[in-house]
Structures are given as structure tokens and as C-alpha cells.
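The chains carry the letters A, B, C, D, E and F, assigned in the order they are written, with residues numbered from 1 in each.
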Amino acid sequence: MVYLTRREYFNGAHKLYKADWSPEKNVEVFGKCANKHFHGHNFDVFVTVKGNPDPDTGFVINAHALSKIMKREIVERLDHKNFNLDVPEFKNIMGTSENVAIQIWKWVEPHLEGCQLHCVKLVETENIYVEYFGEEK
Amino acid sequence: MVYLTRREYFNGAHKLYKADWSPEKNVEVFGKCANKHFHGHNFDVFVTVKGNPDPDTGFVINAHALSKIMKREIVERLDHKNFNLDVPEFKNIMGTSENVAIQIWKWVEPHLEGCQLHCVKLVETENIYVEYFGEEK
Amino acid sequence: MVYLTRREYFNGAHKLYKADWSPEKNVEVFGKCANKHFHGHNFDVFVTVKGNPDPDTGFVINAHALSKIMKREIVERLDHKNFNLDVPEFKNIMGTSENVAIQIWKWVEPHLEGCQLHCVKLVETENIYVEYFGEEK
Amino acid sequence: MVYLTRREYFNGAHKLYKADWSPEKNVEVFGKCANKHFHGHNFDVFVTVKGNPDPDTGFVINAHALSKIMKREIVERLDHKNFNLDVPEFKNIMGTSENVAIQIWKWVEPHLEGCQLHCVKLVETENIYVEYFGEEK
Amino acid sequence: MVYLTRREYFNGAHKLYKADWSPEKNVEVFGKCANKHFHGHNFDVFVTVKGNPDPDTGFVINAHALSKIMKREIVERLDHKNFNLDVPEFKNIMGTSENVAIQIWKWVEPHLEGCQLHCVKLVETENIYVEYFGEEK
Amino acid sequence: MVYLTRREYFNGAHKLYKADWSPEKNVEVFGKCANKHFHGHNFDVFVTVKGNPDPDTGFVINAHALSKIMKREIVERLDHKNFNLDVPEFKNIMGTSENVAIQIWKWVEPHLEGCQLHCVKLVETENIYVEYFGEEK
């Protein structure tokens, strides 16, 4: 087994705000992230797959093919988008990095052939990132 | 003369959209940045000052003091803010990195003592940054 | 399970020197790190916790709360400190990155609620880092 | 158990080209990497070992000793080399990052004492890296 | 005047070898870079332009337009290429980073409108980069 | 003219403490940096030289030769050293980054042939760096 990781990135906006809480409670829990006018990040997303290198090509997966899947399934949906307003999946659940990483797994996993999805890592700032390894871990 | 640079950072949202242009023209000129629902970035801001090191302290400026100025004059105004909606200076001019850098110069310059402001550098993504050296350059 | 990682940093000084060894043996084993006058590093520390995102907040842990724990339990103890002279825990054991990482685990672990500590990663230079996953791994 | 990671780097050239395929098929599968005149990368290699810190030294392994092993076993073989033409191990198998990582494991593993090899990570570009954890994983 | 910088990157191969010198002299002057089978790098190229922000757009130059120029004039010529064998401009002059930077200036400069080329910076490794500011500086 | 920059690094310890000031005044001015037991940093040092590329070699300076000068003149003097106690030049002047950069200029400048020293940049943390361009600038 070899693990291959590919990075892509996107710039998004979101706010962390729960509509059925008071503004005060939102600020207490989410701090500055509750600003009703949104804020944003340069997100880096790392997708790791695992498999045995193909004897002919030496590839676990063609990194260029993985890039195409990531651009189509992740970047087109999230780049220069407002997660709260533009992305249906985050209409009813918080668009935190945790939930975005889980959603990215769901978007990418069905499109991989010949290897398994191992990890989705989402870097929100140089100081915070999350990793999701699927339901079983 | 020695030049000292201090970095701080903030996360903001903006859109590049000119109200007196048609939506089509906005997309033509600004591309994805024209999304009406905003997008955002992790901005790094580097302020460079120049001066002669103080013979007692060896400092051009106390970097901790510079950090305090930057946090008060820049970060408090822009962090987790929507430049278009929350920052008065960008109500009527585009909140591009170019214009934000010029504005940061205006905010910081009056508060420096014993040294001169040399450069404001604003990093929008790992691929794009701007620098402003004041009106004379 | 989602894993969330938060970074903080501190600048420390230490020397690697075993008092009951001869100076020659210390230099043989620890090389330049045995300099009796100390040397130092900019340490980055990454704390990773794991848990299920809260259905309300979408958080495994509030990253701001984790930052406060890390600043209080790690940064206040180690920042601008001499590990050999200022930190009681390293009076009798070597303040190597390995031992510092284990000690950070002990300091942080009791303060986490609603999630588990998964990893302490300590980056000593761009070329060397250590990771500790607790006693069981 | 503590995990210690050491980085070294080297600059190599390679091409991805399968001699028993047509030029067209090579371009179809390997894209620009099939250029017959080669291209190259700045590779970063991270070797992670695991073990219990020595009670005397506080080391899982002396990072300087690990560096010497890596320079002798990896850097001398691959730095400023053409993998296809200069490295016997890649005469008959593709010099992809996957296969280079597996080979690095084989070169380094026999030379470690008092700790176990855990991972070889090879970073090909800022967007692509591979990890190999040995045959059992 | 505001300065805007855009980064692109490419992976190339080259060797530093002067045909009318003996192999021994080549190794003496160029060291490992003289390997006849080539070696390569991940090059980062930063192009800096200067100008006054457009009052309508707030742009010195549209960073997306600059990216297109850089991809067409630089990346298409150098990415996954062997400078010695594939790039006519380096048939008779050494493909050092110094000379590549000067050549990139010549390729990019004629295509800029409404702003001036200020600097071409070429990063060869994390430890070496060159900058060229045009003939007058 | 082309500018070439080479990076080296070293790990040092220092304290900012003025002996003829009271402990209280030292803490007031230097904050945590006044800790009598020292603290330390991973310093990156970038030396930039300028000149015309040699028509034969394409080099402003052989980067390997520049590295040797930097290792001998800078790294051997400062690496794993305590600036206050081990480096004669900082016995009587503060070992701030400003003063260290000026001193590095004095150490390196006499050893350059065929090119001019342009800048010494010293990076103390990811948030603070200084640059010195010689006495005339």
C-alpha cells in the first residue's frame, strides 16, 4: 500500500450562525465568526488515497486524474462561494471545517477507481486544520 | 538604516462588484470575484519600517509595540469583516488588495514614532500579493 | 470521528547535557547541542483532538477554546523560557523534543472535554519534528 | 512510543515513459511527464522512526545520526541524478514517487538500530506527495 | 504606484555544462550540476508589475490576466522541459537561474499594458533565488 | 545586474537585557525577551549579492561558493551559540536582529569577489525579520 496525497485550494466565505439562537448566544459560542456579513478563508484541501502502485505505470492513481476529480467535485462547488448561501449542503448544517471535510468525502469517494479514499484534510488557516478518515475511524 | 518587518493576519470577505455596471460586465471584468454573495481570504499583512537602531535597545522599533499598532489599526478593522459592508473606507472604492494596502498605509503611518513607514505588503493568496511604498514611489 | 488540529508556538532555550557524563562524552553524544551556554528554537506545537462534531455547532472542539488551553498549559510554561533552568519538569530529564512532547500531553490532556487528545506534534526546526500519541500507541 | 521525523532533500530528473508502449500511449497516460528529454523536481524526503526515548539521552534516535544515514542512503544515490539513467533500481521500474518511496524504505530500513522505521514520505511538488509505511500496511 | 506580484511555477530539467571545457573543469566549476544526464527543479516564478490602480476596478493589473500571460509566455515554454535540449534560447547560453530570469523578462515585458514590469524573481530551491529588475538596474 | 540570494540558518540563544538598567526597566522595555536565563530562535539568514552574470558560467556568483562563505563567516560563529556569552561582538551591544544583521554584513562583505553585497536579511520568527542594505541606504 502506498498513500498519495493531492492538494487543491479554494477561497470561500461563511459565517457560523445558528438561526434559532439569539444573536448574543451566537456571539458567545462563535465569537467573531458569527459576523452576520460573513468572513472568508483561503482553504487548502488535501485528498489522500491508498492502493498498490500499478505495475505498468507505477501510479496508485494518476495525480492529474485525481486533480480533475477534485476540481470538479470540490473546487467548482466551493471556490468563490458563500457556503451558507450558495452551497445547498450547508443550508441546514453548519459550514464548519469539520462538516465541510465530511461533505468533501461524500463528493469525492464515489469517483475513485482502483484505490481507496483514506483522508480528507481541510486547512482553514495556518493554525487550524481538520482531517476526516471516513465513518469507520 | 535597518528595515524591520512585522507580520499580522486577518480573515476577511469581499466581492469585486461595481454597482453601476451590468452583472454581465462585472463577471467579464471580475470573474468569480463578482459573486454577489461574497468570498474571502486569509490575508497576511507585512508592515516594514526603517530607521537607525537605538543605541540602548538595539531596536529600530520595538516589534511588540509595532504589533500592537497593527492589531489596533488593521486587524480590529478588517478581521472577520466584510470589506464591502463593514468597513466605511470601502463603501465607495473597490476593496481590492491594492486599495486595502493603500488604506492600511493611511491607518498605520500616523502612529509610528522614531522610524518611518517603508512598505505595506498584503498577501491575498499564496499566488498574489501587493506592495505599497507610499505616494512618492 | 473528525480530527481537529490547532497550532501554537513558543521560543525556548535548552541545552542537551548530562551532568554525570564528562564534557567530552556530552559533546560526543549531543554535538553542538551540548554547548553549556544554551541555544534555542522557535518551536511550533500542534495539538490534535478527535471527536464527533456537535450537531448544533458543527465543532469537534471550539478552536478558540483549544487555543486558550494551549496558551495556558504550554505557551505560558515554555515561551521565552530556558527548559533546563526555568521548567521544573526538565530539571531531571532531558528537555529533548521527545520528552517535551510527552510532557505537553500530560499538561493538556486533563483539560479536554467532549473530545479526546490524539496527538502532540512538536516541530523543532524545519527538518526535525516529533509526534506523541499517548501511552497506548 | 514517540515518532521522530527528519527531512532531507535532493534534486532529481526523471521521465515517465514505458518503452514497450507507443509514444502516443505514453503521452496519453503520462502527459507532460513523458517528455523524452526529462524534467525534474526538488524532492523533500521525510523519514519517520518510532521508539521509546532513551532514558539517558531523551532521544528516540539521534537526529544527527539519522541525517547521516539519510544522506548516505538516499541523497548520495538520488541528488542531481537522473533516475532513469543513473539509478540502477529504476532501470526496469518506473521512477514514480510511489516507487521511489518504496525503494527509499529498502535503503534506509536495514541501517536503523534501537528504533523502527515507520514512514517514508516523499514530496514531489507542493501539491503532490506520497507516503509508504512498509509492506504490512 | 502599487506593486502587484503573481506566482506561477514549472518543473524543468537542466545541466550546467560548457561544451568547450573539459569534463574535469565542468565538474570543478559546476559540481553536481554538471551531471551529463541532467537534474531538475520545481521552479517558482514571481512576476512583479507596478502601476496606479485603475479608479474603476481598483486593479494595477487583473491578476487573472497576468496569470494567463505568465502561463503562455513562461510555463508553456519551460514546464516539463529540458532547458538545454528543448528551449532554443538556452542552446548557446547557460540555463542558470540568472539567465532564465533575464529571458523571462524578455518574454513577458512586451505583453503588459497599463503597467510596467518591475521584477522577475525565480526560485530554484528553498535556499537559492535570483531577481532581475531589467537592464537599467 | 542580477540579484542572487542564498539562505543558510542557525539556532542561537540570546537575552535582551541592559546591565545598567534595573530589572524592572528591562522587563518594561524588553518584555519576555529579558528573561535572564535566555531564550532562542531558529534564525534564517538570506544574503543577497548583485552583479552581472559571467558570460561563461551564467553565474553572478557560484551559489555553492557563497554557501561556503556564509557557513564559515556566519553559521560557525552563531550556530548553537549564545550571542551574549559566546560571541565577542555582542558583549557590549545588544544582540537584537538589527545588530546581528549589521554584524553579518561586516563579516561577509570582505569575502565577496566579482559581485557586491546588496542585502542581509535575518528572519527571527515567521512574524519578524530585518533587512540591512549597508551604510549608504
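We take it that a contact is a pair of C-beta atoms (placed from the backbone, for glycine too) under 8 Å apart; a residue touches a chain by one contact, two chains touch by 3 or more.
Bear in mind the structure is a predicted one, so any value in this text is a computation, not a measurement.
Seen as a C-alpha superposition, chain E sits on chain F after a turn of 120°, to the nearest 5.
Here C-F and A-C are compared, and the pair linked by more C-beta contacts is C-F.
Interface repeat of B-E: among E-F, C-F or A-B, over half of the contact pairs recur, by residue number, only in E-F.
Averaged Cα coordinates give chain C a centre that lies 28 Å from the centre of chain D.
Averaging C-alpha coordinates per chain places the centre of chain C 41 Å away from that of chain E.
Counting partner chains per residue, chain D has residues 126 touching two or more of them. Chain C meets chain A in the complex at residues 1-8, 53, 56-60, 62-64, 67. Against chain F, the residues of chain C that register as touching in their complex are 9, 11-14, 32-33, 35, 37-42, 79-82, 85-86, 125-126. The touching residues of chain A, when paired with chain C in their complex, are 16, 18, 29-31, 93-99, 101-102, 126-133, 137.
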